[in-house]
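Sharing a structure below in structure tokens format, with a few things to ask.
A, B, C and D label the chains in the order they appear, each numbered from 1.
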Amino acid sequence: MKLHEYQAKEIFAREGIPVPMGRIARNPREAFEISREIGSEVVLKAQVLVGGRGKAGGILFSSLEEVEEKSRKIFSTEIKGERPELILVEERLNSVKEFYLGITFDRSRGRPVVMTSSEGGVEIEEVARRSPEKITWVEVDPLKGIYPYMIRKLSRPFPKEVRKEAHEIIAKLYEIFVKYDAELAEINPLIYDGKKLVAADAVLNINDDSLFRQNFKREEEGIEGIASREGFSYVTLDGEIAIIGNGAGLTMATLDAVEMEGGKAANFLDIGGGVPPEGMKKALEIVYMNEKAKLVLVNVFGGINRCDEIAQGIRMFFEERGGKLDKPLVVRLTGTNEEEGRRILEEIGIEVYKDLREAVKSAVRRVKNDTSL
Amino acid sequence: MILVSEKTKVLVQGITGRQGKFHTRLMLDYGTKIVAGVTPGKGGEMVHGVPVYDSVEEALSEHEVDASVIFVPAPFAKDAVVEAIDNSIDFLVVITEHIPIHDVAQMKRIAEIEGSRFIGPNTPGIISPGRAKLGIMPHRIFKQGEVGVVSRSGTLTYEVVDSMTKHGIGQTTVLGIGGDPIVGTNFIDVLEMFEEDRETRAVVLIGEIGGKAEEEASSFIKDEMSKPVVAYIAGRTAPPGKRMGHAGAIISGGIGTAESKIKALKKAGVSVAEFPWEVGRILSEII
Amino acid sequence: MKLHEYQAKEIFAREGIPVPMGRIARNPREAFEISREIGSEVVLKAQVLVGGRGKAGGILFSSLEEVEEKSRKIFSTEIKGERPELILVEERLNSVKEFYLGITFDRSRGRPVVMTSSEGGVEIEEVARRSPEKITWVEVDPLKGIYPYMIRKLSRPFPKEVRKEAHEIIAKLYEIFVKYDAELAEINPLIYDGKKLVAADAVLNINDDSLFRQNFKREEEGIEGIASREGFSYVTLDGEIAIIGNGAGLTMATLDAVEMEGGKAANFLDIGGGVPPEGMKKALEIVYMNEKAKLVLVNVFGGINRCDEIAQGIRMFFEERGGKLDKPLVVRLTGTNEEEGRRILEEIGIEVYKDLREAVKSAVRRVKNDTSL
Amino acid sequence: MILVSEKTKVLVQGITGRQGKFHTRLMLDYGTKIVAGVTPGKGGEMVHGVPVYDSVEEALSEHEVDASVIFVPAPFAKDAVVEAIDNSIDFLVVITEHIPIHDVAQMKRIAEIEGSRFIGPNTPGIISPGRAKLGIMPHRIFKQGEVGVVSRSGTLTYEVVDSMTKHGIGQTTVLGIGGDPIVGTNFIDVLEMFEEDRETRAVVLIGEIGGKAEEEASSFIKDEMSKPVVAYIAGRTAPPGKRMGHAGAIISGGIGTAESKIKALKKAGVSVAEFPWEVGRILSEII
């Protein structure tokens, strides 16, 4: 779960990492009030969870006079499909030099990796690719935790005058990474203003699987929000065939197969494992909401999911809609309790494919041929 | 055949839960030697004729155990895994999904230190067809034979294995390393075992986008493997997944896409299938 | 550093371990006030740091009427040389069963060990000796920390109704053991009153070497207090030869040698390593305070301590006293910078032994023969 | 001779501190091969001709190192020890005293896991007379010879070694395991090395009251050692020390007194001296 910049900064401030003076505004008037309190040039930052908001016009510097106008502009800008509801209004920092500090897991090693660089800013990935020696990094043993000698190494890119502060910020960010079950904790840029270090930006992604012991509420809205509350993994796409699969790998393979056969997926929906009939019904409700979709393809290979329970869910959905579906449904069902599942669906007149290739071909053919869809 | 056989004596942790109970039944039916189960507070009960203990220590005082299958819910899974490791169980199958990533990192390090191995978390398990199953796979699709299968994905494995079996190609062992970002055992560990296993004549690797496990496996295949490998990679058309910030990009160095994986595998001499159902056919041409 | 029971209980309460209702009284009047607030039978507990206070009359049950009288009695009781300045006044618990819970380090293994027993109370050591199976114990890896499965094992001696509470208390005591850099954390007895578990007693010894990062003030008074503030290890004994040595082993060996030769030590004082001249002077001031001592024996084998600095300290002390010492001083000095040290002392007329045996024999002989001492 | 020789290449951590500097001088004078020093923030300086680095990693990029002597102040000692271990230095001499006991417990476990060995903390170090000294002992009292010495105490060791040297009995190696309750290397580890060392003909063990290290050593001597052992135990007349509550008593099981130790040693065939200065004489009768 990605936190908004302002949420991450609240946590940073609470844990002792210096952040710019500033607050959240819900409208241009509030933005003006906050700017007046700050009393200097400000920066207005759209609070959206997508990357690249700077280039999309989501970050603007402003004098007090222009704050209302500029924040109005930001509120009305759509950034990669997200319209900001909140703007973070902050003092404008005097940046002498920009640094990078990030922590995430190295998946293969299974260990946290902490990175710093004297070349902070949006080009950091480019720096890493072209001049890897400009990234200082340290792998941490998750049992032993981070040690001062590692932090000293990570502090070396920082100017001597603020090396002690850098040491503390790195130690605290690592503490936050562990304490908040983060997958990613990042400060880019970490600004040196000539006197001190300030976290100009803040990224904190909480591990979804740890939310049961962390105190964050999911904020996602729309179809994604509904899906995520059901425990599904869902992404909207722009094709015509809505896809429900079980397991990320199989669902991806289904998307791949659809596209290889000439179709285009309208979404990715992975129901995961051990889904009860109600869950399957919910998954159908979700994909049927997508107006662009013209046909729904269900692909379930029963393992920990049982085909009979999946079929029951489909039947519940079918009956809820009075036996009439506004988009045709192609079902591929095989694996655990396959016969029973097939029987349930055949009773309500839904054809069941046993073979994935045939199901995919049939779905693509029907979308292509039947212009009435 | 690697890691598990008809002789493997198995403990089931979390045996009294819904999944634990259901799959204990199916594993027993398959012939797996389940000797004991553990659920704290349920010591003294029986599940399908298997005695249940309060702790691993107590189970081990009555039974010899070679491996443990873990169905314990995510919040308590780390405890169960460490309990098994601390009691010197060498091989664990962690079925549980949604274990916090920091817990998995610790589990992995503890296993390394204590010299145990686990597969998963979030794995369908491991099966040596005709011999033993430690996991949740629908066993009817498997067939004893000469090809080893290793996969990051559960249901996709079934799809591929199904195509193999339909082509008459059986498996020595099929193992899911688990779908989580951090897993206890990676592709290379398993490829190494298949390379050394005398029964295995070819290997199937099933990967997906994200991480660099397949790229690392490619190097290993190129440098260390003599047996033919067939691969399938899911996600060629998938939307870009959660991007792990700059940090993730720096670590991965831009790899992790399906193209990068397929390219690396092909360079290592691996036949890469375009569809999961092609794997059976490709194999039948090779062996 | 041993904490008083009431200090340990304050920490326990703060960290969530249930303790009896109660407060500290500095005089009988306060004891009465507190008892009235509690409103039932109370127990009065002398706050001293020595063991066996129960047998010495330091713990008394009391009704409200008798509180002033009984606490007056406790205040005037000397317990193994300590007179209590504070009494902990607590509600009297209804004890259905007494349990034991303790954590300390196993020195050879270098790991914390957590122990529980259903046979709590003063006889626990006897229980451990006679029926070791009645002690449940678990060794903890200091890197991994304690795990729930270990705590479940440790909770087994407790009745089912309070096993969850026992689990929590054990987890919290282990947390305290680590958080407060303890060498020993103990609850004996941990009382089951038929409904819940309560820590009737509380022992918490903080590791002296960790005090720089822990927030405790040393309270020791008298000679021990002065010595400990200087970083010396000091114990008063009842013989006539005051002993200063460097290193615990060598100082103990000096005591042993003195007694084997027929003398008796008046104290144990280990100055430790790297002592500057001022430190040596202070050590002499400390042992000269002991009125029972008739002679002072200094035994320093220079290593990290330098003989010249030790000698300078002796000269400073000698000059401070105007060249007149009311107790004879026998000095054995050898090791690093020995010649220079010897020269300094010979200048002020103090004879220096090179050999420990001779120094000890001389000291014992002089105390025995010279009745004027 | 065990653990250190004239060939041992030594790093000094905390080399710019008062003690570090002073004893680096003395160790160099003795002939110890000190190749580099580390003090964070002092990289680039020189101490008695020895180059100083900011970190162990940097020192190792320029020098080969076999062992490290640690003079770093107690609050930072754990960091220094783990830094050395993480950089794969196999043998550490931790001179620092007053390191928090929980830090020492962690250091010990980390050393175990990573396969390094440390002696101390609170040790005078180790000396192979005539060859190398890694520590703070006054070296003039030592003499090269055939007896190994292992001790829990610093200055008491000097007393005993002095008596040996005066009797003409030299030492292969003299090692202080350290005076703290928890130490990295215990008596048994060292006895084992002396038993295997071809130069060593007899061993001196110097113990004191508290703990059960001497009792455990006795069992080892009895069961595993062929070489004669002479011991001295301090504290026969010492006041009872800090009593570690019931917990300490339960663990120690009532042992830890000088009598218990002397009894155990004698039972194992060890000659126990009554005075430290007797050790030389006793040895001269044995060898």
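Methods note: contacts are C-beta pairs under 8 Å (C-beta built on N, C-alpha and C of every residue); 3 or more make two chains touch, one makes a residue touch a chain.
Keep in mind that this is a model prediction, so the values were computed, not measured.
Contact count check for B-C and A-B (C-beta pairs in contact): higher for A-B. In whole angstrom, the spacing between the mean C-alpha positions of chain A and chain C is 57. Centre to centre, using the average C-alpha position, chain A and chain B are separated by 27 Å. Note: centroid distance chain B to chain D, computed from Cα atoms, is 48 Å. Listed for chain B are residues 106, 110, 113, each touching two or more other chains. With touch defined as above, residues shared between interfaces to two or more other chains in chain A number as follows: 143-144.
Chain contact topology: the protein chains form a pattern that is neither a line, a ring, a star nor a complete graph.
Those chain pairs judged to touch are A-B, A-C, A-D, B-C, C-D. On the chain A side of its complex with chain B, the touching residues are 51, 100, 102-108, 110-113, 115, 124-125, 128-129, 135, 141-143, 178, 181, 183-184, 186, 188, 203, 205, 207-210, 212-213, 235, 237, 245-250, 252-253, 255-260, 265, 268, 272-274, 300-304, 334-336, 355-357.
Against chain A, in their complex, chain C makes its touches with residues 143-144.
Interface of chain D with chain C (complex): residues 19, 23, 74-75, 97-102, 104-106, 108-110, 113, 124, 136-138, 141, 151-159, 162, 179, 181-183, 186, 206, 208-209, 211-213, 216, 232, 234-239, 242-251, 253-254, 274-277. Within the complex, the chain A residues that touch chain D are 144, 147-149, 152-153. Residues 40, 54-57, 76, 79-80, 82-83, 86, 106, 110 of chain D touch chain A in their complex.
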